[in-house]
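Per-chain numbering from 1; labels A, B, C, D, E, F and G assigned in written order.
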Amino acid sequence: MREILHLISAIITLVGSLVILVAMIGTVRLPDVFCRAHALGKGLTLGLVLLLTGLWIDLGSEAAGLRIPAAIFFQFLTLPVASHLGASLSFQKRLPRYGDPKIDEDTRSECHRKDSVKP
Amino acid sequence: MKIDDTIILRTIVSFLFYLINVFSLYLLVRGHNLPGGGFIGGLGCALSIILLSLAVGVESAQRTLRADPVRIAIVGLLCSLVSATLPVLVGAPFLNNYNVKLENVPLVGDLPIGTPLLFDIGVFLVVVGVTTKLIFVLARSLSGLTALEPSEWRRYAARLEGPIEERGARLDEVPLEMPIAEEPKEEPHP
Amino acid sequence: MATLLIIAIFAPFLWLPATALAGRWLGPKTGRVALVAPLISTALLGWLALDASAGGHHVVEIPWIPSLGLNLTFLVDGLSLFFGLVVAGMGVLVVFYASSYLDDHYKHHGRFYAYLLFFMGAMLGTVLAGNLLLLFVFWELTGIASFLLIGFLHGNEASRNGARMALLVTGATGLVMLAGIVIVGQQLGTYELAALLSGNLSPATSSAAMTAAFVLIAVGAMGKSAQFPFHFWLPNAMAAPTPISAYLHSATMVKLGIFLIARIFPLFREVELWTPFLVTIGFGTMAFAALLALLSHDLKAILAYSTVTTLGMLIGFYGLAPATGAQGDFLHIASHVFFKGALFMTAGIIDHATGTRDIRALGGLRKRLPFLAVIVTICAASMAGIPGTLGFVSKEYMLKAQVIFLESGGTLAWCALGLAVLAMTLKVAFSARIIGHVFGGKPKAETFAHFHAPATAMLIPPALLALLSIIFGLRPQWLGDLLAPLTVTGLHAHEMLSYKPFPDHWALEVGLSLGIFAAGGLLYFALGRERWARVEIPGWLRVDHAFAAAVEMLPKAAKSLTATLRSDSPFDYLAIVMTFVVVLTGTFVATQPSLWPAFPKASEFDPLRTYVVGLIAIAGVLVLAMRRWTAQLIAMSIVGFLITFYFVLFKAPDLAMTQILVEAATLVLVLLLLARFPQTAEAGEHDARGGRPRAIFRIVVATGMGLLATLITVLALRPKHPDFAGSYYLANTVELAHGTNAVNTLLVDFRGFDTLFEISVLVIATLGAVGLLMRYRRSRAEYKAGSMALPGYSHGVRFEKTAKPGDDCV
Amino acid sequence: MNTNIVVLPLIMPMITAIVLLLAGHTSRWRRWFTGISALAQLVVAIGFITATYQLPPLFLAVGGWAAPYGIILVIDHLTAIMLTLGAITALAATVFGFVEMPVKRTHPLRSPLIQFLVTGINLSFCTGDLFNLFVGFEVMLISSYALLTLEADDWDIKEAFPYLALNLFGSTLFLVAAGFAYGIFGSLNFAQIAALGPSLAGDSRVTLLGLLLLVVFGLKAGLFPLYYWLPNSYPILPGPVAALYAGMLTKVGVYVLLRVFGQVLPTDLTLVHQCLAWMAGITMIVGVLGAVSRNFIRGILSFHILSQIGYMALAIGFFTEYAFTAAILYIIHHIVVKATLFLIGDTVAVLNRTDNLDHTGGLWKATPVLGVVFLLQALSLAGIPPLSGFWGKYMIIVEGVRLGEWVLVSLALIAGVLTLFSMMKIWMAAFWRNAEEGEGVHFQDGRWKPMTGVTVVLAVLSLAIGLGAEVTYKIAAEAARQLTDRSAYIDLLLGGGASS
Amino acid sequence: MIVATLLGFFRLVRGPTVIDRIMSFDSVVLCAVGLIVLLSRSWETPVFLELILIVSSLGFFGTVALVSYLKRTLPEQNEEDEIDEKGEPRK
Amino acid sequence: MIWETAILVGLLFGIACYLILRASFVRILFGFMLLTHAANLLVLAMSGDPTGKEPPIVLKEGAPLVDPLPQALVLTAIVIGFGVISYLVILLYRILLDQRTTNLRDLFDETREEREEGEP
Amino acid sequence: MNSFVLNLVIAVTWLLLQVKASFPGFVVGFLIGFGLIRLFPGVLDSRDYTRRTIALAQFVLIFSKQFVTACVQLLRIILFVRTKHLRPRVITYNIAGLSRFESLLLSHCITLTPGSSAVGISEDLDTLILHVLDTNNPDALRDEIDRTLKRGILAITRRPPSSCKFRFTS
């Protein structure tokens, strides 16, 4: 049982590490702030969550207690906000953005107002 | 369309505020046996308040705290000092530890209650008070307020001192008679 | 006996407060109150003198600071009694004289007499001291007292400067003397004069040390007695009111040097340097000062330089005295006290009566002040050494001593004799000039415009002194008999001199005397009144001017030194301190090969740690290299977080948590600060201020500091001490401190005391920060004027002149 | 004797500060409380002097943790002397501050911060642990920063920056040195380090540590070339606070030099001692020349501190028991005299409305009492016998002559003359010169009378120190004896005496 | 993982915008968290768990602080520049 | 012997000193922050090589633990450093408001006022 | 709400019955409590509570699936899509009618799910501005969000009309 758990945790940890690695490659490869925010907000979150889960399995809930789920919860709560904050600021300050410069508006929106789109 | 760029932050932070506080209290209490303690707990608590002030503005954060952080810190210092002095009253050396052990407290484990914990609580309060005050004054000053609230002026400044943000009439234009026995007629503070 | 002595010495001190207070009510009449103390002292010392027997001495000892070898030891022997009597007796005369001299035109009489009494007490203490250190204590006090007295008319800048000059010269030479005294104490093991002079001590371990001690002490004496090159303070001290000049600068204080030389005569006479040093200084000064006196016009300046002449002569006299002992020294001193004291007093009376002391503005006074003319003539005659006066006797015996010295002294003796003769010739000339130009000739109208006759009482003291000059001049043996019981073993030769008023046989000195009269008279008449008026002391002889210039220049030199040391350039402070650290430790390490670490092997590096170090290094270099504050700050934060990680590698969870939380709080603080910093300033930061040398310097110093830190880290653990304290805490944290976390038990229990004060630091830092956020303001003008920043007070206060008018006239 | 009383000098000022802070703004009872507390601290300190004279030191193993593992507080005779001097200075500064400023104008944080400063100073005096000493220094320094800037105006504030920067650097070095010491000795306890000293004889690391500590403490003491934080920052302080700083701060550095080199580190660090002596010698001259270069009283006095520190450090550099006695004697004299001089300077500034010597004058006629007090203190500073300043200087010269340090002795003598010169500069400009030549004398500002009163009390004290030099000497000698008697110290703290 | 940290540094050095650096800061912190997790695994000790919690929340904290600072100080770009795939401005 | 740490400490010290010697307040501030880090690390290094040791929390018997004393000292030092650095930050803020400069050299430049007054 | 409290009480009671308190114990207690409440819904009128809790569980599942998909997609893009083929753009998404909490939760989830991340919200809480990493068809994305996340959230936070009807009819 213990060996199996250990193996599972090892695999999860490995995957988590790889995810983080790729996400970090993403922060290097992707062309602008907004895209990199994706890598940060999703990739790192998943990677960390995986790592933490692996650790939880490895240590067992006796030693680790509630702290690892709490940490995971924390990651879900904060990381997207962090990435959102970065993107939001870049958008506000009109930092250079790669790709289609125009903003696609929600055509189905009933309360759509054309003048309100360009901030 | 105006973008509201803080709403997500505000919401998350007001949520986190409680979480972090619980966490820091936890760290305070169990510091004697596992990593943690007054400093760490206090800093955590202080940071939650700072986070709040970043998200919702310094004034509302101050309102949340209600008390003047400096006073909190001073009370904390007093608390530690008292815990250090208590053993003297029973003839033990200064700062000797006096413990009552609570066993098997949920989530914390064995918890010795005694002068070390009181001491740690003092540390906690000091750290909270100090850190928040330091940040509050700068944050207030940046948001166009005076660094100290006018109600604090008499407590932390001499009568003829004015706020540093002030660039108005110079204080030296207030006439003074020597020797000075009574108060000046005009308050220099606007 | 002991009680009497103590009362005699301390009477002036004890009477001083009463005098000072009496001044408030009595004004000019305070002098009468003050007179009590010198009278008591004179009476008691006279009583003791009557008791004295030749060669005997008494020691009175009261413990004071025995641990430092200093007791209130007083040595009562002929020398101390003689000088004590001079001091006290002259004190009586001067106080009496001053109570007429200081009339309603002066203020602060209480202070004046208090100073005078203070001075007198200090003088009595000095001459009666039986302990070298005690002697030094009183010696310095006389300097202070004279400083206050010279500066009595401190409304005048000349007074102030003269006082300062006197204090600095005598103070500085006094300190030199202290060094000499200390050497004596260490060589001979005691400061007690009775023991030192008895010759019973084991000999000094080093004759070089004794020579040094002699020279150092002699320098002290030269300073006090205004010997070249310290002679210049005396004429400048003449800014003092005349009673003071009469007392300090003729009769008493300037004699201290002479006294000291006499005191240490038995101690140092064997030192080889004794004769050459004292003779050169003494007779050199004698001639030089006589020349200056001749070239001066201020009556008091002439008298001052003439005093220096006599002092030089006396110093030289002790220098050439044979080891068996001097003869007739007291007579020379007494002679000088009589005529010079009187002359100063008369100068004061002339000044008082005519309002000037400039000899060129005076003339014809014999008609207005005939009695005074008689006194001055007698005294000046004594000064010139005219037969019939005590001065003549003194001069004859002086020349005789020099002639005797010719036998053993060689070239030195001939030079000394030449100088002495020259000086005496000049003395005759200026004495004649005083009589002739002040009292002779036609009265000058402008001088007599506001003439007012002096009080008769004022004339009594000089008259008395003049009378003594004449009486003892005609009957010198009377004086000799009076002084005979005051003979001191070791200082004085055993056989007594018998004094004669006139030489009864032909000798070289008699011939010299005649020559001196002739040459001096010739000199006086050769120049004539008009030519005299035009002579001036050449600039290169004015050492006082040089001194004043030096005093002026000192602050400027100090300022430039301070600037050289960058004391006002805060930008350089840290650089200096760091350079010092690097140089100090670097030099040490470079000379200690045992401290050089061996080059580390690759296997000593832990890969993960090394990797993190590499990352921190990158971030650190980024902090240096980044141009924008924000970017730097982010790099800083990364350094902080990575250090947290490094703490993890060190198995320090508590530390890591604290560090990261502190890092976060600091980050916010710094961000808040930067948010207020002007954006334009950021651009200005990149200007290459200071240029390349500065940058290279910075790099060198920083590298040095870095190497030092590395070295310390390596050395401290090479090896770490095996019984380090930490193991104790690990062993006992559960058992004794009831906690498993050793770091936390350390913080709140084992070393909770640190923590208690550490949180105090936080509280205080906050208080300080809070205190920074409210402030006083000061106008730029006030700041530039350097006005006092009394918080809450200087603000709004305009400078107004509020001193009451008339407060300053003396 | 292991006793809790030892903690009193630390707790009393701290509690005073806390109470004052909780009390809020200034009031009359706050003043009474502060004054009584300061007086009580003085009484306690004097009690310690009598309790340690020719008796073993009092100590406290804090928390019951015996040396070398717990923090030990030790009050030996030297500590007791320093505590007393600190209490005197603090009391004088407090009372002087009260008479200088009416209740309602007082800065509410000044008294608490002074009390915190005293706490830090006292901790530095009492502690027997190197790291705790670091903490004590920090308490002292942060309080001193706070007081320095508390009442600084918009121009003076800039002088606080170099002060802070240099001291911050010094603190960092201290921390480094403390770590280094732990690495070498495996302990931070003074007694333990002293006990281990002989076993590390000849280890160059100890010398390096000594050099490092020399820099650290030299910086605090204000030795050349580490003194830069001092001369321009003290003048921005309000008078009474400046007096406290001038009296105590640098002397803490001197005390620690004395304690650490005299008692804790091995005695064979001759190189370090020589460095100290030469730094001291240069400091004497540089300091006094700096004083000569200044034209306002506080500036002159601030530079004089350095010069005087030079004497004390020189004595420590001579490194004999006699020289230590001299240093202690000098400390006793200097603290009282220097504090008084700063207070006099402030009184002059109140009367003349400035202490710029270009604008002062007329005080000798106006207030002879102040003049006499100034003269006494100035002459004492210059080392005129039999005033208090003479004895220490004399002993230093004696020791210098005995050791054949001619150059250093000459420097000491020259510095004495220059001191006299610069003191006379103040005397002539502020006291002797006519009032009309300056800004006039403001008699109607009645504060000068009680202010002078405080200085008179201190002057009487300094006079007593000088004239009663036998007593002062015995106290100092006893302190030096206890300091150099290492084995007694080690036995007391590490032997059976310290078990609890 | 180690490589990942290094990559985080790339953006720190490279920029080009401040926000990139903030994000790189965030990612370095998170990578450090990852490393701590790995170390906890290999040392088999739970004592760093709180640290993990704190560090991750503090990474967020840092971002929030930096962003709110930049909101105040960062000048607005005049236009949304177009950039090419390498992140360079397109002319 | 921990060479990595030694080198790191030296490096941080060097960088910190270089920054401190510059004129810009911001750099000096950063310099002091780094200096604090460096000194803390140096003290921590005194706990010796941590390889193969447990954190100083006594959870199981017999395992070798690292020396806790340097950790406690560093913790104290960190907190003190925080207090002082915070104070420094606020002092710089005050100087900025009072003297309107962010540069040490400007702050003590006697000619600055005149220069500024010359400007409109 | 009452039901949730009840559930907690049951969990804590369970915990107190254990010898040693632990998290798994709490989880077990909570599950037991939930089972009991589910079994006897009428006692405290807990139907809505159980429904919502189940909706929450469903949403967590949907979200997890989306999250993992999103990550895989992201990793694919990072590793295999060349930058010049990338089609990032900014789109708006209408959230009019959602409550504040719902909008925020939605935006949070959007950041964590495929292709999109929230860039801003309009002040009136009507429009969400999203950045899309790689899309040619914004509308498809909007529909996707509508179908999965929005519906899931609404299921938790609102009583759908149908469920009201259901209650009335039964």
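FYI, contacts are C-beta pairs under 8 Å (C-beta built on N, C-alpha and C of every residue); 3 or more make two chains touch, one makes a residue touch a chain.
Model, not experiment: these values are computed from the prediction.
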**Message:** Need the graph distance between chain F and chain G over the touch network, please.
**Reply:** 2
**Any chain in contact with chain B as well as chain F** = C, D, E
**Request:** Give me the ID of the chain with the smallest distance between its Cα centroid and the all-protein Cα centroid.
**Result:** D
**Asked** Taking each chain's centre as the mean of its Cα atoms, which chain lies farthest from chain B?
**Response** C
**Request:** Return the chain pair with more inter-chain C-beta contacts, choosing between B-D and B-C.
**Result:** B-C
**Asked** If you average the CA atoms of chain A and of chain C, how many Å lie between those two points?
**Response** 81
**Fill in**
Separation of the C-alpha centres, chain A versus chain F, in whole Å, is 33
**Item:** Cα-centroid distance, chain D relative to chain F, in whole angstrom
**Value:** 28
**Request:** Determine the centre-to-centre distance between chain A and chain G, using the mean Cα coordinates as centres, and give it in whole Å.
**Result:** 17
**Request:** Indicate the residues of chain A shared as contacts by at least two other chains.
**Result:** 23, 25, 31-32, 37, 65-66, 70, 74, 78, 81, 83-85, 88-89, 91-92, 97-98, 116-117
**Fill in**
Touching two or more other chains in chain D are residues 14, 21, 62-63, 105, 107, 109, 131, 135, 138, 142, 145-146, 149, 151, 154-155, 157, 161, 165, 169, 176, 179-180, 182-183, 442, 444
**Complete:** chain B touches at least 2 other chains through residues 1-3, 5, 8-9, 12, 16, 23, 27, 33-36, 39-40, 44, 47, 54, 70, 74, 77, 81, 95, 97, 107, 127, 130, 134, 137-138, 141-142, 156-161, 164, 178
**Residue ranges of chain G in contact with chain A within the complex** = 22-24, 67-68, 70-71, 74-75, 77-79, 83, 86-94, 96, 107-108, 111-112, 117-120, 122, 126-127, 129, 131, 133, 138-139, 142
**Asked** Which residues of chain G touch chain B in their complex?
**Response** 15, 20-21, 100-101, 104, 107-108, 118, 120-123, 125, 127, 129
**Prompt:** Can you list the residues on chain E that touch chain B in the complex?
**Reply:** 47-48, 50-51, 53-54, 57-58, 61, 64-65, 68, 71-72
**Fill in**
chain F residues touching chain C in their complex are 1-27, 29-30, 33-34, 37-38, 40-42, 44-48, 50-51, 53-59, 65-76, 78-87, 89-94, 96, 98, 101-105, 107-108, 113
**Item:** Sites on chain A touched by chain B in the complex
**Value:** 65-66, 70, 74, 77-78, 81, 84-85, 88-89, 91-92, 113, 116-117, 119
